[in-house]
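The chains carry the letters A, B, C and D, assigned in the order they are written, with residues numbered from 1 in each.
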């Protein structure tokens, strides 16, 4: 990851601000010959786009993606793929409130301090709109993975909103698409609706925790020791707006375990490949995928743009109070679900390509 | 981070295995003119080296570091600094147990699957011995930071071993160096001693949680959106052996907060610079340092090499049981404390240099 | 340089094909606060754009550049700058001649061999149209250099077309903009016009040699030993379409010199800085700029798309003859002049930023 | 190429100075399972090492290479390979002449200007001794290529010393190893001996031109447009000490050609693969290898450390005269021959791995 680019050999560079004419991504290093059309990407963007429920921003953006390069006669050519998404709903508004004051908990002050100026319209580059470009790029990664690792699938879902986690005993993958929260626990989803409605009314916002699982991941992905698969996943997820923590498998809870409890015992599966009695490791050992499900979780802090008044300062250093009006996500974590999936797709494809660069798929036979 | 190198412009490449003749790091991009001697680095290595208490591996390694290049007449020249640490205690032993079997929870099987062969002596490249090279490189970073950001200080300490966290109400920074656990809570340290003694006797091991705090960090460090300071810290910490989770500031707990509770309110400090009513953000907003303390936590899973018998398979795919004798850390998290500090130092220096590349220290005046 | 990106900290990623809807560049790492408008870039693009004389392709492209991101209220924000150039003149034509046959000397066959498919319309990604994006990016670099190194200037010109070099005794910088060849020797320009007219009539094309000189380059730029300034310039120029050789200072002729003849003797200039009796070095010693003029030359092979029939094969491996109609440059080297300037600007800015990252402008005092 | 590292996925980082205790290279990304022993590398180092004739430096260095990591039981493990070469002949001498004065044409002044200090002993990092590390790394690349592309061979030789080129009509590959100049033309070699003897006596030195040819290069290597194979070769060769120009195939002479003369006509070879009537392209079209011989040439300027007195300045800015005694190469280009071969090997392996990352060896069938 370097400035606005991530990936070793499948490299994604995003650009664009919240209220500029457009934003997008250049996807470089995509294998040639991958079937690819705008509709293949739009399906993922449609899952992230705003305005789909009252729990996300009411900004109206079609998030229609255009492929400007790198695809010829329906297939990737191996050259850079430019994905462009026009900003449609740049509603004219009065920015005086946030132009001259810093929202507590927001990147406002940090951008100002670093760059000496900032595009305050909608958060500029620090806006979560940037993640639309990630989702588009993730769509390209998924298309390539469908060719190179057809058994691989990726699913993200919400495991907690505010202080309310799901009950994993009620986990039902079918539920995920049935509620506006990507929640696999129908009962939890109902509680979240009430919780968020209450927060919305009081002008507040909620944090969230997202889990992304990749199944059918080929073994051997990850380049120890600084290109470890988990290190790259950690960076990828932490780079998403508002993320404050990333876990692999057992995550922070690993601290409380003993070695005997943490060890995923190994046996031979019916398919003649290693199988495991548990998955505390989250599918990664020594930075390398083992073939088990890769399990990543990340926490998204609550939106900083809230109606509740907060104390702050102006750019002139004067004390002030701020109330952020506008169309903000009551729980920005909700739209982070498809973003987390996209980052998982990009990282896995990148490591699949990097692994075949070095090893060409050399594998130690077991059994 | 790329293969065995990390950093954008201050770049560290480590090399070496547990039981080869030596290991080390090439440190590239160090500013010229930094006062640097082997003794300056040795002080940090001495904090990580094994055999200093019964709670860490009993392998006897002096971990003496030699500077082979990049320093002339006591100062860095700006050219690559090669740091070499010889392996002294490569005790001859019978590796048949681990050569042919995979330790559950260990990188053994993943290296085998990826590379088709592996150096099974002491874990080869996946051994925590690699972290000695990080600590040496971190010493170089600290020396450079002492010149470029003299107010900056870094301190790591343990906040949890097994299920036993410290009581933050008893936090005493003076205690950290007084016990073998880097524990700031004297009472917790006593409990940990008992807990680990019990585990050692039963042939088991314990996880741990480390916190690293950097004070006096210049504002404006971090290159959004994929070179964010927190994304790089997440990758850096996750790349340390056995780490399964990384948090910035509030971390995973941010999921449970409301926006009003999470917002660190801003006012003008007595020094004429922005100050904050709290530090949920962990010193980073939008991927950029704000000048508040940068606070990172990471969880270290329990050592996988334990005396408790576990079920596994052989390289031939046969079922087996494994007991790992040898000199292993009952709690590998303890020695991760100086490693976490080293990674913090490297990442902060790298971003300080990267920031002065792009902005030259341009800063938005406040007040 | 990596896939479609070049630069260490000032990083340019280009994308787009000859006959797609658009092409462009993402410019990352630009310092914040640089005054920048589309008109500032257009002036450079206008120098490269086709159709300005009968010696270049007759394709009609306005090459109008749009800034889609990274600029706010007339200044760069420090975030990625997306530069978009729409393809206007994608004249519908019959591609059957080149779709199924390979042009000798052209990238056709290599793209086919590498990627297994290719966008044959106008050469796809291998088209010299890609260089429009370089010129736009170079415009950004020039704007930043104007702030950071105001004394620095860059000038490219033609020193040879076909077998006809200029006479350096007649060198007149004022002439460069007065003829369609960027030729500093008015008499040579006349000869070239006749030479190229003859070749055009016979359906052939001509090679060329371009020289680019940067004056006022700060001393100390270049990161030995693999980020040397000359190594990066060599890569930058060699990456331009059709370039087959790159020279710094004396270049290939250095082979024939003795050490005593090659040494640029040093004395103190009237400005209290080192001066040199000659510039065989081309302004670079040990990969680092000395403050002398940086002098780069590169050879551009003749256009491969010619009317003269050549023997080739079809994609089916059948022998064939090929004649390339269409709007091709009789001497593609002519439009390479502004491209070479743009690459020089990008490389110098990148190294200026990289140098201030590492050294912060530390300089050994002389005198 | 970045600071002291080159390569995309096969990455070489060199370190070390002329008069430090040792120098070396970390080779990262080597495929696992490659048979590798120190003797395999020593054979290449022995070709470059000093003191083998009166035409190179008389410094006595065994240049014995030690493999400190990354090899286990005779095979590469896929982890970093540290190659260490101790400096043996750091003869104590009086450096006052060069410590306080700058040698014209040498990196002395540039290092001083950039870093504010320099290791003046033997040129420090700017010494050609650094190239020993390249040759060792090149040995690793050759071992990997022997596995992955067994038909590939690399040969370097001298084509010109001073103003005296070889006669290509007398080219005899058998001659190359029979004279101290790597000269394929026995008669030219005799003339060079006389020429260099004369220069040595007069305290002067000579430039040279080296050609490196790779045969059996797989088609499809090179990542347009900024990871082009020729761009990477240009950077690799230009980064070698004292190189001032790099050519691919026809090189600078391409400027003088017409399109019809330059086009390498294509037909089907007897082996069912494309063949070419000529090789003006030097085996690379559009930045991608075609399967033809890859032909690179580079010019090496004459050694700057000469006995002939030259005018210069001191670090205090005083005018001075300098005469460089010591053990310097009368023609440093001679030892550049094995260095150029090593760089070719590294670049080709790197691109072979990078190509299989992206394309997996996808190839457009011809015939």
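In this section, a residue touches a chain if its C-beta (ideal position, glycine included) is under 8 Å from a C-beta of that chain, and two chains touch if they have at least 3 such contacts.
In UniProt terms the chains read A, B, C, D = Chorismate synthase.
Quick caveat: nothing in here was measured; it's all calculated off a predicted structure.
More C-beta pairs in contact connect the chains of A-B than those of the other pair, out of B-D and A-B.
Put simply, the chain farthest from subunit C (Chorismate synthase) by mean CA position is B.
Centre-to-centre, using mean CA coordinates, subunit B (Chorismate synthase) is 45 Å away from subunit C (Chorismate synthase). Note on chain placement: the centre of subunit B (Chorismate synthase) and the centre of subunit D (Chorismate synthase) lie 38 Å apart, centres being C-alpha means. Averaged C-alpha coordinates give centres for subunit A (Chorismate synthase) and subunit B (Chorismate synthase) that are 26 Å from one another. Chain contacts: subunit B (Chorismate synthase) has residues 2-5, 8-9, 14, 29, 32-33, 78-79, 114-118, 125, 224, 359, 362 touching two or more partner chains. In the complex of the two chains, the subunit D (Chorismate synthase) residues touching subunit B (Chorismate synthase) come out as 2-5, 9, 11, 13-17, 20-24, 26, 28-29, 32-33, 66, 68-70, 72-73, 75, 77-82, 114-119, 124-125. Chain contact summary for the complex, subunit B (Chorismate synthase) toward subunit A (Chorismate synthase): residues 1-6, 8, 14, 102-118, 125-126, 130, 160-163, 199, 204-209, 219-228, 230-239, 241, 244-268, 272, 274, 277, 280-282, 284-291, 297, 299-306, 308, 310-313, 315-319, 333, 355, 359, 362-364, 366-367.
Taken in their complex, subunit C (Chorismate synthase) has these residues touching subunit B (Chorismate synthase): 8-9, 29-33, 78-79, 148, 224, 353-354, 356-360, 362.
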